[in-house]
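Handing you a structure now.
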């Protein structure tokens, strides 16, 4: 049994892989403390499955916080995204992972080797954080956004791609009496378009795997589907676990 | 050398100090950073305070990289060359010779042959960005506070603000090409308008072809003509020939190095790539420049003959093409790539200077020399690659990639560089999609580490090279 | 004569009542999604406090986001002018105002009547605004004020280089994860904000006394960092710096009212 | 004439000019194409339009209609951003997006210039991903001080013509050139008259209206436009004029082809009474020399060579400043708004230079940075309103 832990900036995701099947999983807040997060995961595993660290073949960490954790195997984000995608869809040629701070798109050859990849370079415009920031002035929960947006009655264009500007734009839209549904729909459209641009920077081919928190968002997924003209496979069952799964399978950096 | 003039201009003084320190450390045998500290302490005894002060501001990573055996002797040679150059400038200034500030797309032989004082201010500020931890960030902030947009290029913003604040001398005239960008053209105009400085503009057409060169060539000669009319200094043909012969020798070594970098393993350390351009910018200025370039060549040749590379024993080489160029505030980056990741630098977009194509300057007559120098400028960095359609740069990169057998490509684009940021997709198509060479693209600021820190870049590259190796396995 | 000023910002809304130039009462609330709603609520609060009604108000000026849309205001004036006017009322020596609001940071220069002479407003992004601090405070799980006090305890500020608010937040998490003390990180943030503000200050230039207004001015840590970079102490203000915009609006209300009286 | 043109013709000339789509396909362009004419787009005021207009040939001696390409109504740049990074000005990115979306498929040709380093790099993706009958580049010299500069520019213009001729077998005659010159000089005179009416003590039209009319002029045959404009001017002259203008504003800076910014300014009670924009006043300033002894080709290119320059003309700064001051005096301007597109170095630095000079001369200045697709008015409005509170 291998424990894969993806330490994100916001939340830490962990899966227990029992020969390439998910035996257990959990998600906790990182609170800017990777060490503590991993410890918390281990005690949760102990509590829920009475599995001790000693019972584990390996603990493999990946994601933002990996360098801050001692005596565990490490796995690069790109590597874990790729392994996770291939676990989900062995024929995957393109993987898109929409995380909290960044979105990453990887292009693979038929043998699953990395041809190249691109991220939104230090810009939250195509990432979950963007949505979080916008949700605050709109007093809307991130999970509800697609639902809220589905009630939109007119297409709204946001001029800015910068999360911070978008927020002030949202504030003035609210002031202009625009409905939250329409604004949210516009925001999700903006995020989707940023991700689409990113995807088009690599040579996107089928099969195309989509993962990460934003992959839960139907509105975003639909827009991607329409624009990318490739069939999308959503990483399942829960798209934000892709890195944790991939890390466990990769078993760490060689 | 004129101590008075050096002392008068803070950036001259800093640069002179940097050279003095480099000389001391690299010859007095400091081998690691501890010894550097000791060396600096012992310098307190014999050197003026400002020298030691400068020592404390120096970029530790660059120092550490310079101390390595594979780098130290040519780094030393380079700083001896720039110090000599600096002293020549100040001598000429003291002798009351008019000062021409020239753009980084021309070599200075004609100014020497006209017996003028000359400097490339962009080049001088570049050294400080490279050598000092905080580079010229203060100056850049000041220019932005003046109201000059932060998205205009720091390459001119820094030296011009330094001139405005008396940290560099205000020149008696400018000579520039209208390559590479709107930003430089506008900033030169600003200086012209504010300080009423005569400017000799060598107009660069937006094509790379014969018709374009014929026009450019005449522009180039017209500028030199204008300068000698303004100053009454005319070109001494014998001096020009002597200097061009010097720069020919220097460039010959540069070309030879290009050949050596095609070998496997690549025997040439990447850290001096930015210094090669800096040396190009003072080609013909002094013997030290030639010594520097020759030393780079001799060292690489010696390694090549033994079949040695520049990466640690047992590490597998990854042949890397830098499709944008070096990052001035992170000069030790190529060295870090070599020793940490086994990545060697084949060529870089900001100092590529295809030798087979540019060749040497024919010294038969004044005309052949001026034509040759114009041809050099026409193909100079930030001229050849900018003043025409993107296709030429893509083409250059593709032929280097194939001829040098590149395995990966890095594009560290300067955030203020508009032409640079129209390339990445086309480069990725040409290199990654067509040749299977993985490309990594990121935003940086040539002049200012605060835009993107070296640590951040290291993280990205670690992951990228891990991924590449993983794919090979 | 009673005059009212209401200032609806992006984070908080303030209302004040003034009897000529004497401050009677003020009220502050966190904004609702709709500015008209915010304005109405905060105005009702301050009226309730004084037992007055809308009818007692001779003239009302609105400022801030959505200032044009406030139904009970007879006129609207930009928050830039209002902060100038208000700060001048709160301390007659003031000629330069640093107003750090929720979305914007402004540096304002005024004349000897408190009227606007020159101003600059952050163009590029919200780095150096209240929103910026809010984001960071959230990462700490703190209120913005506590973040300021935390910064006061810092000794060795972390270098915050990131140019983008969103990614400063990211940097902060990295420093915390690397185990840097919360105080030092908070101080690093305050210094980073001060550095941004200083760019605006230098571009307008300082004249006379300097005052800091807006919610962030209550943030001791930031104030200290700002004073450090601009190299001078800020003037004390006669009232809560967060209501200065609303005070300015009320003062303009008074000017307008008497001007109209004179006209008729 | 096609029916929609007829209906359009029955409306008041002014109303029509004010309601014509700000870019692309419109009744006049459609009709032009129906008659077998060519439509050639251009993106810079250094393209000598008369030379194109003077061409005739092909089917029924059809002619060429040059239109200045805009990108109004562009709502996303998701595809353009793949080729042009976010550090590139948003106008070229929007224009490329429209090209990629097929919005400009009706073009028979497209002429770029090397003026703006953002716009000139649209050339490659347009060539590779959009495609158009002929795609030309005019490499404009960075200086207009010498005959060699002129000669280069002239040759460049002629090369564009031979591109057209080679592809479409068109040709010009001395007469067709002289006719084109007449038409365009009349166009410039009429537009200058419109500017005169804007600048009256009681302006007869708003900046927003003037902008719409100017844009309409880029999107229909000049002969037709001239007649419409003349009629419109007659209508405008009967207006009472705008009372108690809060402030008279001049705007200068980056290319504008929509009314967003001007509407924000004028919503505060100010009126934009004139501009120093390359598609506005600068575009119509300076006539083509009609003297018969002059080769019309040289005369045409000469006008564009000597016109009030773009910031990238390296010796043109003093003239540009003088022109700015002339406009300020002539339109009794109270304040100047210097706008720029984000990442525009040409106008970003020019605006900085202008600001310093104007403030020395006691002219109030507001600098604004904008994005092409800007829908977010709040951020601009506060600045503009405060600026007006400062000057009025």
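We just call them A, B, C and D in the order they show up, numbering each chain from 1.
Please note the rule applied: a contact is a pair of C-beta atoms (placed from the backbone, for glycine too) under 8 Å apart; a residue touches a chain by one contact, two chains touch by 3 or more.
Bear in mind that the values here come from a model prediction, so they are computed numbers and not experimental data.
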| item | value |
| --- | --- |
| Set of chains whose contacts include both subunit C and subunit B | A, D |
| Most distant chain from subunit B, judged by the mean position of its C-alpha atoms | C |
| Maximum inter-chain contact count - chain pair | B-D |
| Rounded Å distance, subunit C centre to subunit D centre (Cα mean) | 41 |
| Separation of mean Cα positions, subunit D and subunit A [Å, integer] | 45 |
| For subunit B, residues that touch 2 or more chains besides their own | 146-147, 424-425, 443 |
| Subunit A, residues touching no fewer than two other chains | 122-123, 165, 168, 171-172, 175, 201 |
| Contacts with 2+ other chains: residues of subunit D | 82, 378 |
| Touch-based graph of the chains, sorted into line, ring, star, complete or other | complete |
| Contact set on subunit C toward subunit A in their complex | 10, 33-35, 65-66, 69, 103, 125-127, 131, 135, 139, 141, 162, 164-167, 170, 172-173, 176-179 |
| Of all residues in subunit A, those that touch subunit C in their complex | 9, 31-34, 64-65, 68, 101, 122-124, 129-130, 133, 137-139, 162-165, 167-168, 171-172, 174-175, 177, 180 |
| For the subunit C and subunit D complex, residues of the former touching the latter | 65, 77-81, 104, 116-119, 121, 123 |
| For the subunit B and subunit D complex, residues of the former touching the latter | 146-149, 151-153, 178, 181-183, 185-190, 192-193, 199, 201, 203-207, 212, 215, 218-219, 222, 389-391, 413, 415-419, 421-422, 424-426, 443 |
| For the subunit B and subunit C complex, residues of the former touching the latter | 141-142, 144-147, 150, 449-451, 453 |
